[in-house]
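Down below are the structures I want you to see.
Two complexes follow with subunit A in common, the first pairing it with subunit B and the second with subunit C.
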Partner chain A sequence: MGLTAYAVCKNYGETRALYDVDLAVNKGEFFTLLGPSGCGKTTLLRIIAGLEMADNGRIVINGRDFTKIPANRRPVNTVFQSYAMFPHLTVLENVCFGLISRSIPKAQAIEKARATLDLVRLTGFEDRKPDQLSGGQRQRVALARALANEPEILLLDEPMSALDAKLRVQVQVELRQIQQRLEKTFIMVTHDQQEALTVSDRMAVMGVGQVAQYGSVREVYDRPRNRFVADFLQTQNFLDAERVGQREISTNLGRWTLGDDIPWEKGCITVRPEKLQIASDASACDFRARVNTVIYRGCYQQFILDNGLLMETETVLPVAQGDELMVHVPKDAVIVLHEDEFQRMDLRKVI
Partner chain B sequence: MKRCSIGSSIGSIAIFIFLYLPMLSVAIFSFNASKMGLKWGGFSTEWYGRLVQNETILNAAWNTLVLAVCSTFISTIIGTMLAIGMFRFPWSRRAMGKLNLLLHLPVVTPDIIFAVALVIAFSVIRYLTGLFELGMASMIVGHVTFQISFVALAVKGRLELIGHDVEEAACDLYAGYWRVLTKVLLPMLMPGIVAGAMLAFTLSLDDFVISFFTAGPKSGTLPLFIYASVKRGITPEIHALSTIIMVATICTVALMQKLTPDAKH
Partner chain C sequence: MQDESTERAKEAQPIILYNGEMVRPSIIRARQATFISPGILAIITLLALPCISLFAVAFMTRGQYGEILFEPTFGNIRRLFGFGFFGWSADNLLILWRSVVVAFVTTALCIALSYPLAFFLAARPAKTRLLWLTVLLIPFWTNLVIRTYAWLLVFDSDMPFARIMAWLGLMEPGTSAYPSQFAVYVGMVSVFLPFVALPIYTAVEKLDWSIVEAAVDLYSNKWRVFRHAILPQTLPGLSVGITLTFVPAMGMFVVPDMLGGARYMLIGNLIQQQFGTSRDWPFGAALSLVLMILTLGALMATGGRRKKGRA
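Our next item is the complex of A and B:
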């Protein structure tokens, strides 16, 4: 077991930052806390790091209770959003810092630091000062500085927010490769769903101070549980629906058969734009709609339909504004949203 | 972008002349061979020579230096501790506001009020304990009291600049409080500490009011000596002495700028 957090609460004065959050992260997995700004994800990370103390709840790392133990005695290390380099120390001294704090002999510390710098491909930069490095290099020093200590859990607080878009994609892949090579537990905080999907095994989507949904990235992306998660993961198309059969709903666009059971009488469903298909013949047509706007996106094409739905096709089709389309809604494309806002993690299951 | 016009550069030069002309004239007259009046009697370093032979002046210079060094040393340590304590302890917003006010108060309080308050405080302490005769010790205490705020404010500026991140990173990297302080916080604060110390040093060097009130019979400083001798008439020796003090101050300021190159960040 990597990390278990039980019922963590945190208030700042009147503001509730975290409300009874349970979290379980398996050993060796890349776990992401995904959520909009102000949802408490960074607070949760800081509580795991020990930089902040929870008002209530427990933090257990690899079976040992660390709730009351301060940051400098926890087997975790953090890559800070700002990187928090020590500007008066060289790259090598920065990376050695944690090792020397733990009284590891200097020669051994330097050897370890060099090896870690090699891992992040920064050999040759040992004697530079942080202000002589580019943003991407600084980020890798921050990563090396944390990894050199061989933490039981590596925490990453929006590690790529200061990088430009192109570099970010490259670093995401590198980070994933490093994590898989080291087989260490990584917990990352981000607000970027693409980033979360790229690097993580599992993720938790956080609402205001609570976990709205957790699961493997596939599960969460394909089956967002409620309106909040679906909205955050940009499923785009929301429809009110009424249950008419065990697996049949009625919407204002017609009756659709679904692949899932429906837990409510009246509720909300969502369909990702790329799951909607153009029907090959009238028998497969679930609804008809006129195209209001055609948006060319290069490798795909988007249509805004007159009923408000958004549709995406991979191939660029000869469709023009005003054309009527027959749209097919595949069974498994419809996501039934639960009404509850938050999902509690079943800690026993993960353990 | 349009460069500054000739007019504005002439204007700024004029302002500098206005600022420095009095000091320049003092420096010029310190090399004047004639003893009296404004008449130029030729170049001479005689007054500087006399200066170094004058026991009273040398004694006053020594007192000034001892006072400045001791008070700066003490106030730098206390001021730095105060700044760290004030801006790293999670005070409530209200407490913080009050502490801030208390910190700024000595900076804006007129020296004369500060000095009188010190005299009263010292006499109360003397009455109660029999200690604290006016002299070098009371002057050092007096100087430290007004220097602390300047040091603390300089360090505070630096603390706000470096933020909490690096300290948290050090904690996260297993550093205990002492290691955070000595290996991260103090090295990063050093430009602010040096700036504060230099400021405190120059303030002490040319302080008159507080020294005047807290000095004992044997602990006169250069500013006190100058004041006393001016009453007997301005002599070229005073010009020479003033010039030396001016040069010393300029050197300290230049040194300060050199030691804190990253103050521009």
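Our next item is the complex of A and C:
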């Protein structure tokens, strides 16, 4: 159950923001819409929130059709990118706002607000005004303000874009913990793949107005479906290849045997830099290459090879510029990319 | 000995780097004073002095031929509160009360019209918006007397407005829509609308819509969205509009004089009468003084609220 969106379309004049997007989010999961800016992920989130209406398609939340129902009567709440605090109200009044709107008795609303502020560890800040809070505190007030209403789905629109890098990591973990404790459905929009991987159960990578791939975070990270997703998730090394056997390809670096079937005659493969290994002996060597550049990264090391590939080693090895390496490509490291750009979600399977 | 004291003076007045030169703070202050002194001089001679003289004249006596006699008296103030030659009358207080009511209602009407107008303007695409703004400003650029005469024409008995009203049975056939309270309000609102609409429009243009969306997202009805998302954000513009309207509306005399007739007198008309036809400057000054006190009160009330809103 959770949320189902059927064939959502949205145009802004001539520009297509969303083209026939299907989406299914299970109840109680943390789902992330990941994509570059301008891919329509925020538009999709706003359509789910009811802040914008789809030109076509349906939005179903927990089995009820909410397509035509305005935002103030939907059981969803949003954490806005700018937090959108009411500047004239105190923290407590901000958190109470949605409860008071729904005519919940004041005493009860305050009690609920205090409990939610406790959840986000902001006890003692009740009487502050938003401009007396730090960015991180404001973000937590925004989260509490949405959560206090006990929405069926919590929507988060790039909630961490205004935080500095260190705080962001901390908040990501906290957000994940809160979601797991409450067992609520969270849908987050972000362009940061690290953030998506850290917090979500499943995610959808969006291209221009369409879903390029969806699946569990591991699935998507380990097996990006096409060039666009692989590029966005920074697999780095792309090679043109030709099929020479059932599971054998030929690239300009030699013939490799793969673990997957190959769906094309001529296509593209990719290998993550950290999956390439230094071969222990000549029999395991898949190709030889000279090191053009050595990049020291502290806990790991990167080599740029003379054939253009990027390689990463976990330990810092005594390799110098100009050394020749024997490189081993493990069978399951090679990702075969599909040629299609977009994947349609099979809604029956997910539900 | 002397060296020591000059040394100490230098210590008290360190030389600092200011705008790329090394100077003493006292020199900077002296220079700043020379720059602002023409402005201060203008305020003193053109604003403060006339007001002080007005205050003085308010407590003097009118001579037989309208000249000012330097005989201190509270007669003007007594007369203002209705203690006249023929016993007590409520006329002056009524005029004062009426002025406050007219200014208040005018301001309220302007605010009520300005919000929809401001949102309408802000929603126009950039090109047509300029056109609409010009339409709003054209009356603003036209002389007040000419504009008020234009309203006389519109409200004349032969013009469509009066005819339609007569046909609807809301007016006597053959009469014009002025002088009347209605005509005064139409005239007043047309004068002051841009003063309220433009500051509110500026505030609406800069509106943070995500706060409006947050209010909607948090189950607000229309009133709650206005009260908590729009009003706090437009409050600066609104209070400017109120100040720019309420204060001059209380002293307005051209519009009520032409559209309201002799029986619908406001304090502005009364003051004008004292300085003009009646040649009773001390009484006029006393009336002006009361008007100034009332405006000051209104300013302090809105100013106080603004401060509270910010805290």
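The working rule: the second predicted complex is superposed on the first by the 351 of 351 C-alpha atoms of A that agree within 3 Å, B and C clash if a C-alpha of one lies under 4 Å from a C-alpha of the other, contacts with A are read in each partner's own complex, and residues count from 1 in each chain.
Please note the rule applied: a residue touches a chain if its C-beta (ideal position, glycine included) is under 8 Å from a C-beta of that chain, and two chains touch if they have at least 3 such contacts.
None of the values given here were measured: they were computed from a predicted structure.
Taken together in the superposed arrangement on subunit A, subunit B and subunit C clash. Shared-chain residue A:Lys166: touches no atom of subunit B or subunit C.
By the touch criterion stated above, A:Arg181 is placed in contact with neither subunit B nor subunit C. Of the two partner chains placed by superposition, subunit B and subunit C are both touched by A:Asn77.
Annotation: subunit A residues 49-51, 70-73, 76-78, 80, 82, 84-88, 97-98, 101-102, 145-146, 149 touch subunit B in one complex and subunit C in the other. Listing the residues of subunit A that touch subunit C in their complex gives 49-51, 70-73, 76-78, 80-82, 84-89, 97-98, 101-102, 145-146, 149. The part of subunit A that touches subunit B in the complex is made up of residues 49-51, 70-73, 76-78, 80, 82, 84-88, 97-98, 101-102, 145-146, 149. Of all the residues in subunit C, the ones that touch subunit A in their complex are 208, 210-211, 213-221, 224, 228-229, 232, 309. Put simply, subunit B touches subunit A in their complex at residues 163, 165-166, 168-176, 179, 183-184, 187-188.
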